[in-house]
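What follows is a pair of complexes built around subunit A, which joins subunit B in one and subunit C in the other.
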Partner chain A sequence: MSSTPNVGEHVIVKRADFEQLLDALNARNYQIVGPTVQEKAIVYDEITSVNDLPIGWTDEQDKGRYRLKRRADEALFGYVISPQSWKKFLHPASLRLWQAEQTDDGFHITETAPTAPQYAFIGVRACELNAILIQDRVFMHDTYVDPNYQSRRTEAFIMAVNCGQAGNTCFCSSMNAGPKVSAGFDLALTEIIEPDRHEFVVEIGTELGAEVMGEVAYQTASQAVQEQAEQIVTEVASQMGRLLDTTDIKALMYRNFEHPEWENIGNRCLTCANCTMVCPTCFCTTVEDVTDLTGQQAERHRYWDSCFNMEFSYIHGGSVRSSNKARYRQWMTHKLATWVDQFGTLGCVGCGRCITWCPVGIDITEEVATIRKTDSALLTRLREK
Partner chain B sequence: MITPNDPMIPQQYRIRQRQQDNADTFTLELEPTNGTVLQFAPGQFNMLYVFGVGEIPISISGNPATPSKLVHTTRSVGTVTNAMSTLKTGDVIGVRGPYGKSWPVMQSTGRDVVIVAGGIGLAPLRPAIYQLFAKREQFGKLVLLYGTRTQEDILYRQELEQWRARFDVDVYVTVDRATSDWRGNVGVVTNLIPRTPFYPPDTVAMVCGPEVMMRFTVQALQKRGVPTEQIYVSMERNMKCATGFCGHCQFGSTFICKDGPVFSYDQVESFIGMWEV
Partner chain C sequence: MLKKHKPKLAVWKFASCDGCQLSLLDCEDELLAVAGAVEIAYFPEASRATMRPPYDLSLVEGSITTAHDAERIQDIRRVSKSLITIGACATAGGIQSLRNFADVQDFINIVYASPEYINTLATSTPIATHVFVDYQLRGCPINKMQLVEVINAYLNGRKPNIASHSVCIECKRRGTTCVMVAHGTPCLGPVTHAGCGAICPAYNRGCYGCFGPMETPNTSALSTQWHETLGVDKDDIIRVFRGFNAFAEEFRKESDYYESAK
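After this line comes the complex of A and B, so read on.
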């Protein structure tokens, strides 16, 4: 055992000692969640030991394509990202908000939402961490606070991991959301793997992170090792599979609300809602009130919903956004324009999930490029010349 | 475990009185079972819950000066409103709220005020009308323009007749389709705007009705010279939470539940004419 490091300090944890990190979190009663291999994919799920991690696995991602592949080494975090983000823990896909029973005198609430576990997230990528910070604005820093999100979020321990490789659908650099983890973590790891060397450079982000690290065998990271870690993530930044030019993006979206490209996308889009389910920032939900067969017990449930569903915009008389093009426009314009007016940031972190998981391969980066190339303002200027 | 501050937990209210306004519209007067009176501003809405059936947003249509009587006027058009219409005096329903931004009544002192309502759009405007009457001397001219499809659809008929008997308000009612026993105006409510007495540059207009009616009403008001930022509309979209989380009520960059439902027209102007926003 060593002494407790300082916040901001960089230390080295050997691969052989990695288990101690999990032990330290376990001793603090965290429910530890990290990447696992399930159903031929990287799935964030409960883990009990380092052996549950996707040792030696990586992923290949492209438009409408996702495959796991063996790596030549035994890296713990050698994949890009899981199909599902950490959203499923902080903002569950399904949650019973309350239960009530009918009484002679009306009804009374018997139960509210179940208490959330105290999570420790292992392997949060920079884009995902930025997505969490974006959802914080939605659920904790606006007019109302969602107590369900807040309790999960404030209790969560975040062990982030800097990316060692970029995926083919990644564009976090464009969105200023990665690949380097820069804020909001307790510990941030960079995995260094060489023929005779496998270790993690760990940046201490918080007092809590420092305390946990104090219970693990570590060495101080030399300047040279820190630079090597830095070099890894710098290289990743230059390997992005996609680019999205965000110059003046809000105005671009607003002035192209009636652009013909929406029709073109609408003809391809299946409105399957995959993109919204895998998106780490999408937050929309619906509410369902149900009773048991006697009608005496009632419950209210909250489920993830999607702006691609027809019922989403239903008001008396019909759905406001009945066409595919209107629903796609709502989604993309929300991510890249209206989100800025609502919450002060873009709603996209460039994780690329919406591209990978679109069954017809619609690519948000290509669509922005198309609209930019045929920008209504640009065309008006050309016509005037 | 019960979290008292959870914004999704409804409070219980008892139906004190139920009134059938017309064929498909009814008004419920509610009182809290625990005695806690809900203060509200004109134009705000509540989420009303029928046990086991569901929850819907309904604007408050009572008098803000007497908030112990919580009044909602509702049209039966769907599962929840149909179930709600079968409730009787003494039954209990759930209430969350009040939510949303209000009509700018107290910001309109010294000015002419024009109220334009279409159909059940009169319900969310009634609290504003009560407030205007309560402080009548503080405003200039007061005009109420009300349009419905037929004379059977006229809401709060008795009150409208009382208001029309006053000398300090101009009330005009029009119907889209008249039967032979109708002696009033016929045509859409926007037709009334050119011939009503108010001074456009110093007028605040409050408009509520179907979206298309509001669009054309605003055009007619603008044409008479009412500045866009002095025209207010109340918008409607699907709503599941009323607290800005469910995302359903987004209208362009706004959330109707917390940024509206009442907007000055310049806030929504860029989106309101577009297809399927």
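After this line comes the complex of A and C, so read on.
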């Protein structure tokens, strides 16, 4: 079949024809970024062919622990999630914002125009896509638009992939952010792998996605195959390694500001900032101005920053949040409560990265459960009885 | 019009390996710019020509290990408008501060053929223990670009852009996968001061703390994780914290804790 499919339609691409999808994106000058094995992990980086994908590899994740493992089959997307999210491409860790030069009558600023490659992201998970939609609100749908994010984001092609398995630190179902990809994609794939069958059910999300698919060999997906794909992701939803009860979560966090558990977390927290770096919604940055030795030339650079750094809350006289406890509380309360006031949604998508990549394995879902179990309001009610 | 006065720079050596002051010579591309911006007034490692004191900026490498050096640093402070310590020896006492955890006489008897010629203090201490220090640049060795940044900031009257957060942030910014979480490799990164650019984890090694403790190091939480989850022996925990920054307060407390628990 060679005609272009319609938006909303489901088609089948055989494993043998998968390379054509990448070829079609390559022909459109996209820089293709997808999962690939590096240093015993499945990371997102530039790929050029299907052979760069983590064929037959998977990951095992637990709190403070990640291990790359072999699968029994040759699945292309048979892993859960990478160490870092797509944030590193849409909201880069370091960026020069402008350069300035001293002139006879002051100084002249040259802004660094956003010059991002046109990315095609291969293998975006539902939680990650929701995280991107959350960062869209932060960077593009407010009074001030970040031109760097905007140019990268609006040009990006998104090939999402529904999860075929849930990780031990996953809780996207709890956050209503997965595992099924529901919006914001150009193409959404579900991988079907059986002893004599390896193919992808592809949902067409946009006109652009349809055009790309028109250049690839595909078949129409029968109702039965669509249902099978649906069944795969439904099963994943029931395999979540972790749960986070979000009932009344904003109020729960606000009224437990003085909960004794914060002190307990503070004793374990390294304040190393790994959780914020790997979080797909964390967006904080700092700027640094540098000059050359003569002071004639200056540059402003932007870097990822973290609320776990002392400098982050430094005002005259010292850092506002100097204790470990205060910094973890700030971060977790932002994700689960103040984010709602600020942007209208929760700031967590349940990807579980903060649990896996915390070197000492602090688990946000356990912390919520602990606080809920000994909720100050609950305790007050019990006392009154 | 009077020619603008170029600040006079002096570079001093105490107990150390010279590696940090060599970083200045190692600057290559930036060296000429530095030499153009300052008057190199005293730098025996680089030039025999010396200018008389006072000096605008003194860079001090090394720790205080002799009575003579303890006096000499006082003189240097007196003739220096600003004094910046560079490297783990100057900022924390260096690897030679291992003597602080033992009896220096025992070392002397083992190492030297004629121990009677050795006249040394019982401890190796950082420069800031003896005199007021305007700024401390960490590292074993220091990062040469950070040294240029410190000189640059001094020349332009601004605060240096030197972050004191963890090495983990440097790993994440450069996209290095965590060696502790993904490989089970013990890494000091979460408690160590940034500055090296996270070199060791980029080569699949754990950080061994060359830049000393970060701003708020939770060493006990990290060592507990090493011991209980990664199975690191308590003696190895002592050895890891007793490296180039052994005498830095937070690292010292951690190794002392495990030693006293023996």
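Just so it is clear, the second predicted complex is superposed on the first by the 381 of 385 C-alpha atoms of A that agree within 3 Å, B and C clash if a C-alpha of one lies under 4 Å from a C-alpha of the other, contacts with A are read in each partner's own complex, and residues count from 1 in each chain.
In this section, a contact is a pair of C-beta atoms (placed from the backbone, for glycine too) under 8 Å apart; a residue touches a chain by one contact, two chains touch by 3 or more.
Please read all numbers here as calculations on a predicted model, not as lab measurements.
Engineer: When the two structures are overlaid on chain A, which partner does A:Thr291 contact: first (subunit B), second (subunit C), both, or neither?
Structural biologist: A:Thr291: touches subunit B and subunit C.
Engineer: Kindly classify A:Asn267 by the partners it touches after superposition: subunit B alone (first), subunit C alone (second), both, or neither?
Structural biologist: second
Engineer: Can A:Thr220 be said to touch subunit B (first), subunit C (second), both, or neither?
Structural biologist: neither
Engineer: Identify the partner contact of A:Thr356: answer first if only subunit B is touched, second if only subunit C is, both if each is, neither if none is.
Structural biologist: The second partner, subunit C, only.
Engineer: Go through the superposed model and pick first if A:Thr48 touches only subunit B, second if only subunit C, both, or neither.
Structural biologist: neither
Engineer: Touching subunit B in one complex and subunit C in the other: list those residues of subunit A.
Structural biologist: 289-291, 295, 322
Engineer: Along subunit B, where are the residues that touch subunit A in the complex?
Structural biologist: For subunit B paired with subunit A, touching residues are 1-3, 5-9, 12, 14, 33, 49, 51-55, 77-78, 92, 94, 236-238, 240-241, 243-248, 250, 252-255, 258, 270, 274-277.
Engineer: Give the list of subunit A residues in touch with subunit B in this complex.
Structural biologist: By the definition above, subunit A touches subunit B via 97-98, 100, 102, 105-109, 111-113, 115, 138-139, 142-144, 146-147, 254, 257-258, 283-287, 289-291, 295, 298, 300, 302, 305, 307, 312-316, 320-323, 326, 330, 334, 337-338, 341-342.
Engineer: How about subunit A: which of its residues touch subunit C in the complex?
Structural biologist: 38-41, 43, 45, 64-68, 83-84, 88, 93-94, 267-274, 277-278, 288-295, 303-304, 306, 308-311, 322, 324, 356-357, 359-361
Engineer: Any idea which subunit C residues touch subunit A in the complex?
Structural biologist: 30, 33-34, 36-37, 148-149, 151-152, 155-156, 158, 161, 163-166, 168-169, 172-178, 180-184, 187, 189-191, 204, 214-218, 221-222, 224-225, 229
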